[in-house]
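Next come two complexes built around subunit A: one with subunit B, the other with subunit C.
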Partner chain A sequence: MSEKKNWPLWEIFIRSKNGLNHKHVGSLHAADAEMAIENARDVYTRRMEGISIWVVESEHITASSPNQSESLFDPANDKVYRHPTFYNLPDEVKHM
Partner chain B sequence: MTLADAKYQYLLRMGDNALILGHRLSEWCGHGPILEQDIAITNIALDQVGQARSLLQYAAQLEGKGRTEDNLAYKRDVMEYRNVLLVEQPNENFAYTIVRQFLFDAFNFLLHKSLVNSKDEHLKAIAEKSLKEITYHLRYSSEWMIRLGDGTAESHQKIQTALDDLFIYTGELLTPDAVDQTIFEAGIGPDLTALQAPYQAKIDEILQQATLQKPEVKYMQSGGKDGRMHTEYLGYILAELQFVQRAYPNMEW
Partner chain C sequence: MKAPADYAHLEDQFQARIDAEEKIEPKDWMPDKYRKTLIRQISQHAHSEIVGMLPEGNWVTRAPSLRRKVALLAKVQDEAGHGLYLYGAAETLGAERDDLLDELHTGNAKYSSIFNYPTLSWADIGAIGWLVDGAAIMNQVPLCRCSYGPYARAMVRVCKEESFHQRQGYEIMLTLARGTEAQKKMAQDALNRWWWPSLMMFGPNDAESKHTAQSMAWKIKRFTNDELRQRFVDITAPQAEFIGLTIPDEHLKYNEETGHYDFGPINWDEFWQVVSGEGPCNRQRLKARRRAHEEGQWVRDAALAHAEKRRQRQAAKKDQKVA
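Presenting the complex of A and B:
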């Protein structure tokens, strides 16, 4: 076990039912991966929220920087043609 | 001893074990070493209080004197309680709490694994529901035994001390008496002597991974489940557990 005073932080992902994706639900502290799963079970699935748990140590996640959000995301702003909204859908096609 | 008497005693023992250990764990609520463990311990406490309700409800029904599970929990005094001595031992620190839980879970798991084959349909149904919970309890306490034992020098020393102190209370768990024998012969519960080897094997397996030494005990404490005696701690537990019903009889929330 590490000599660090604080346990590392883990990001928790829960799949609520078969066929759905694992979704990020929050984070917690644990000494290792197995304990992170147990803690996640106790903290995030007490009310039948899930059927599967993924844990990832937070330091292994590489995140985009807020400073770069202009260059990363703003250019998509005026590209309306990327949305499939220019088709006429026949009435027979439902749930689109 | 009639079978009806034995069944009532057997249910009391199981119900009281769950109630008293659940109460002990609930004392951690708001005091856990970290938030995640506070929630984990409280979850187990709730599981056990839930099991206590089912078991004492059934005990009250078997007794047939119109009492309820609440009467049994709140209106019996120390010498009428039938829990084993192990579960009433104080929390002390996280190490004691984990050792007490592990030594009890390993027993409780084996007991419930047998009870799912009970000839008593009601007890069988309770055991099936509880076994899932107890399987997790045993996993939780085993993992912590290993982490604390094979952790730092300080955590190792603390959990070894707790193990040395609490091991003398494991004897009565699997030492059968007339009640256990009657229950076994009726096909309702297991032969406790047959669970002794698997129990020790589980303890040995986890202690080995945890790099802990099994204490050599020459004399085991007993007397809780047969009602001969309890340690001084049970009285304090009941004083807190029963205070409201004693001060305001039959009050409801």
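Presenting the complex of A and C:
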């Protein structure tokens, strides 16, 4: 790794239109948040792909680790009773 | 460091995920060689996008009309964007942007050899869009299904943008080919010079290509160099015919039996010469890249200093409020 101080990395989230969530689109380097938004505009919305931008410095994101995925997500695996299809109802019953 | 037996087991599990068409994401376990192969390929791809701006930038100020000029500007700007998506994807694998750029600027990293040819006339801009972007699309579409998630996602964005590049190039060629005798000659001359280097863009023949088998097994690559090259020739030959230009290959002929175009041998000596740094513009391209980077250093430093000053000011304001 080089000694030079570099622009930090930012993660970019874009709302493509009102009514939809902001969605992660990628990352870029910028000196500060304002510049990250300007760069994100140029890099990720050249064809009106967005109407709103969120930027977060990558180092501030805490992510779960793939090794944890069993302990985090498996408990939901055997809880079929959380889904509507678990409940048997006669076909004659409508609108349910 | 894992014990060899553990490592082999992890590798098997990894291959099983690939075989099941699962995508690999940045924090997932992956073999070191998979990571290295991807960093090499993605960064070379990024360098190609960035260096690729140079031959076209040569014509931005001399485009024949405002319509052509805004289109070319937009295309060149797209290529910068492609480079950035790709550097971003390489960084998810733990590569540092600065190191990648150093590799490019010191001549250690490769980029597509096509960009070491000069753009001598306006028709070259047409030929580049039509042939070079056309060949790039052929390579990039299968990469949208690459096993590494961030690379695949970057490719989806890139491919969406590429089709305008190719269409604007073909439109330039079409216009010239239907123009005056001199314009038609200029278009033909550009095709003559760009045709063979475009075929070389797909890389060495399969028998010569040392990375292909492993890359296919890892589903980084979906088709071999020769398969993609054949597809490109099949699609492009009728496009040339349509605008009345002649592809400079006396062996080019549609083969009724195979349903493909046969074409002549590629001059691989020329290819390796350009790859090894002896193409017509290798030095010029690297020099331009290095100069742009060095002359931008004060801007990068100033932006950091400015950001730091603002941070300190804001912190001071907060302290005042607390006091």
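Note that in this section the second predicted complex is superposed on the first by the 81 of 96 C-alpha atoms of A that agree within 3 Å, B and C clash if a C-alpha of one lies under 4 Å from a C-alpha of the other, contacts with A are read in each partner's own complex, and residues count from 1 in each chain.
The definition used in the following text is that a residue touches a chain if its C-beta (ideal position, glycine included) is under 8 Å from a C-beta of that chain, and two chains touch if they have at least 3 such contacts.
Note that the coordinates shown come from a computational prediction; the quantities given were computed from them, not determined experimentally.
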* For A:M35, select first, second, both or neither according to whether it touches subunit B, subunit C, the two together, or no partner. => both
Partner chain in contact with A:G26 - subunit B first, subunit C second, else both or neither: second
A:T45 in the overlay: touching subunit B, subunit C, both, or neither? Say first, second, both or neither.
neither
**Message:** Per the contact definition in the header, classify A:L9: touching subunit B only (first), subunit C only (second), both, or neither.
**Reply:** second
Chosen between subunit B and subunit C, the partner touching more subunit A residues is C
Inquiry  = Between subunit B and subunit C, whom does A:P66 touch in the aligned arrangement: first, second, both, or neither?
reply    = second
Overlap of the subunit B and subunit C interfaces on subunit A comprises residues 1, 7, 28-29, 31-32, 35, 42-43, 46
As the complex stands, subunit A meets subunit B at residues 1, 7, 28-32, 34-35, 38-39, 42-43, 46
Residue set of subunit C touching subunit A in the complex reads 25, 27-29, 74, 77-78, 81, 84-85, 88-89, 91-92, 96-99, 102, 150, 153-154, 157, 161, 300, 303-304, 306-307, 310-311
Note: in the complex, subunit B contacts subunit A through residues 34-37, 39-40, 43, 139-140, 143, 147, 150-152
Per the touch rule, the subunit A residues reaching subunit C in their complex are 1-2, 4-7, 9, 26-29, 31-32, 35, 42-43, 46-47, 63, 65-66
